[in-house]
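Both of the next two complexes hold chain A, though its partner changes from chain B to chain C.
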Partner chain A sequence: MKEKKLMKKGKRLDGRGKEDLRDITIEAGKLKRADGSAYLEWGGNKIIAAVYGPRECFPRHQRSPYKARLDYYYRLAPFSVEDRANPKPSRRGIEISKVSAEALSDVVFLEYFPNTTIDVYTVVLQAQAGTRCAALTAASVALADAGIPMKGLMPSCAAGKIEGEVVLDLSKDEDQCGEADLPIAYLPNKDEITLMQMDGDMTPKEYEEAVDLAVEGCMKVYEIQKKALKEKYRQFNEGGE
Partner chain B sequence: MSSERLIWNVKKEGIIKRIKEGQRKDGRDMMERRELKVTPGLIETAEGSSMVELGDTKVIAGIKLNIGTPFPDQPEKGALFTGVELYPVASPSYETGPPREQTIEISRVVDRGIRESNMINLEELCIEPGEKVWTVAIDIFPLDQDGNIIDASAIAAVSALINAKIPKYEDGDIIRGEYQKELPVTDTPIASTFSKLGNEIIMDPALEEEKAQDGRITIYTNDKGNVCASQKGGNSSFKRDEIKNIIKEAVKQSKKPRKELLKNK
Partner chain C sequence: MKKIVVPGEEIEDENVRTHVYRDNGKKYSMIHGVLYKTEGYSKIIPLTHRYMPKEGDTVIGIVESVKYGGCIVKLNAPYDAFLETREDYEIGDVVSAKVESVSEVKDIKLGNERKFHGGEVFDIDPSKIKRIIGKKASMVTMIKEKTGSKIFVGQNGRVWVKDGDIEKVEEVMRKIEREAHETGLTEKIENYLTGDK
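This part shows the complex of A and B:
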């Protein structure tokens, strides 16, 4: 790992303070064919999420008479990273998809829709660190846009450690040269953490601090998610799109 | 999925009836393309990119350049690869998994137009004959399938190539984000797809029309106004007069999108 100075006088390389998010914009309902969709820009990340369902579940043996099945797909477009990504699903992508599906399955009222499937597809068009959180944040808005009943919107955000300091929402340089990264997804309505991963090195105290900071970040993302949904309906009211 | 098929079959009759009366649902003429919107350079991680909106159909294309070895029979030429992924964000009927025949056909049709028009001067992509050349990967990602993914993909690919730059290459390393020059582009091939429904022929089918079509023809034309690639698909056959007319329209109707793409050059 190359040495790089990541903090200068309490500020980060991109000018952010320790507890600042990168800029986030979300637009709900961008796609025509999907039942629900969202386009999200988060720092240099550009992501589209589309939701279909509840719809008939195929193959049949994957159906449950008790609840809907929720599938989540995380995909990197081949041109989203510096060196072209192989279009074949990667082990990393499969793992992210699995834990993300599990997080959303806890939030969506799957028991309302037995024998069906709800499919959530996300694609990263441009990647700049923190894509799993960004994709999950967009997916949650797309699910709401599709009108699927949930316990609430589920924001996602990471905290990390750079040069011994716990900071919010790592940038690409910080992700590559930092000491730890801890992405979480959080359900504000219930005050519960629905996804948590971590790599790096943190003391138990730093870990606690990072979880608290990531939850704070999630609360800020939550406000942006709500704004995106309201914005769509405001346009409806004014006879827009 | 069979219920979806059934619905389209029911709708088909109405769509054909309307077209016979000279009407399309969106009010277009029979030989009229939907509005085209091109947004090049959207993706900073790609060497070139473009988002194309053809009516409500949306496609994004990205170009990645890498160093590779040339094909043994073309030691002094760079290499070109086109891939389309029909990922399900774009349509409820797309599925994940390995590419199916539909996906492979679209990739190959788009590839053929680009290759046969010689729009990229592949000799200029040679670094060391027989050893090192630039390889150009064109990756196409439909985002919203509202009919005629072929034309939208083809136009997005050409637009992304026009937008593409070659990265700096020093001491065997590619320096991403720093560029030496533009990709050597010499032509602007434009694809035009026509659908046959019953005995009627229309240009640039919207989703409903595409679902109701019996057959289609795609014609690629180059800057000279010549045809450089074509493909017929579907079960319906075409009369020679119909094909003649399609080619005439393709040449005529390619001028406007070509101008649109070159505007951004």
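This part shows the complex of A and C:
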């Protein structure tokens, strides 16, 4: 007989309700050398994102006279997980880089910079479930901080299923012992979903519930992203002159 | 009135025409910038951006390679420029030049070149160049007077300095770069340079 562990009296292991996010802090412009950067803490996740470019695109055969290329690097630092992570790009890392690059390419006005590359680097310093969403959230703040024209900030958040209930923003234990995980990235002002992946099983009804919940979570993350960018120039006296 | 805007923020002001895009009849900001609003006139100024060469700009470049009939010049931009010249240039030479043409695939041609002898070059954020020059060049003239340096500011975010107190010039320009979004800057910098902070 399986013992119920992940939910107790409607509360989760870390005391959150079903629709609560973990604590998120974002700081924009953390790195001096990068054109744009952001540091994010999301529960136990610690992620740094840096943006370089647009710069000339090499190798030459990959450039396009119509638009810029967007490269996204997602890496787990060797010390970020319980066992040492091999620093070489893993199958998982390459896949996340690919889908994240595609999500961000929908958001950035790439056609403004023909024949160039924009590099987005995200390094996970400490991982605790939901790193792809956290990395995308940080990357989108870093892109805005670099002054690259975008359709909007793109928050990202996951919903999932634990013990038959749909919950927002899975923690590490919930991710490992839960039944499903559904990360999405969302563009609020156009009401578009730019990234969606799913792991596990859900019924169509649960799936719809999870998408709605994740979008709701994204809107909360969006407010934090906006605050981070405005906070960078906090001495700025609004309304003056 | 002024206000910080982030990408995707809705702009209700009809007068704003740059750095916005339209979607479903609504206007949104494209960049992280400041929305300035005065009577009958509003605009968004980016807080930071990469320099994009524009026809008519005066820029400072560094010669990267010498070809037959000219040389390739680095401009602190996503694209390198070509300078057609008969004079001899060496790799690493610093030149000021005017952007003569920019094609739609960003082939950039320079002209009206002038070579710099000696001095130092440093890069600053291109979006802060207007503050460094000041209204009718008030800021840069003041810095020249106070430090006794020769200064040349390129639109691409490069500054060339020779003679006088070069370190002081760089220090002051970094200060302007950091505080560009604040008001009363020329006065503040003047006080900073004369010593009574």
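Simple rule for what comes next: the second predicted complex is superposed on the first by the 230 of 241 C-alpha atoms of A that agree within 3 Å, B and C clash if a C-alpha of one lies under 4 Å from a C-alpha of the other, contacts with A are read in each partner's own complex, and residues count from 1 in each chain.
We take it that a residue touches a chain if its C-beta (ideal position, glycine included) is under 8 Å from a C-beta of that chain, and two chains touch if they have at least 3 such contacts.
These figures come from a predicted structure and were not determined experimentally.
In the superposed pair of complexes, A:164 makes contact with neither chain B nor chain C.
Contact with neither chain B nor chain C is seen for A:204 once the two complexes are overlaid on the shared chain.
In the superposed model, A:123 lies in contact with chain B only, and not with chain C. Contacts of A:10 after superposition: neither chain B nor chain C is touched. Contacts of A:81 after superposition: chain B is touched, whereas chain C is not reached. Judged by the touch definition given at the top, the superposed model places A:48 against chain B, while chain C stays out of reach. Of the two partner chains placed by the overlay, only chain C lies in contact with A:153; chain B stays clear of it. Comparing the two interfaces of chain A, the one with chain B and the one with chain C have residues 35, 55 in common.
Within the complex formed with chain B, the chain A residues making contact are 31-35, 37, 44, 46, 48-50, 52, 55, 58, 73, 75, 77-84, 87, 89, 119, 121-123, 125-128. Those residues of chain B lying in contact with chain A across their complex are 1, 42-46, 49, 56, 58, 60, 62-64, 66, 83, 85, 87-92, 96, 137, 139, 141, 143-146, 176. Residues 1-4, 6-10, 19, 21, 23, 28, 30-32, 34, 46-50, 78-80, 104-106, 127, 181-183 of chain C are the ones that touch chain A when the two sit in their complex.
Here chain A touches chain C in the complex through residues 35-36, 53-56, 65, 109, 113-116, 144-153, 187-190, 225-226, 229-230, 233, 235-241, going by the rule given at the top.
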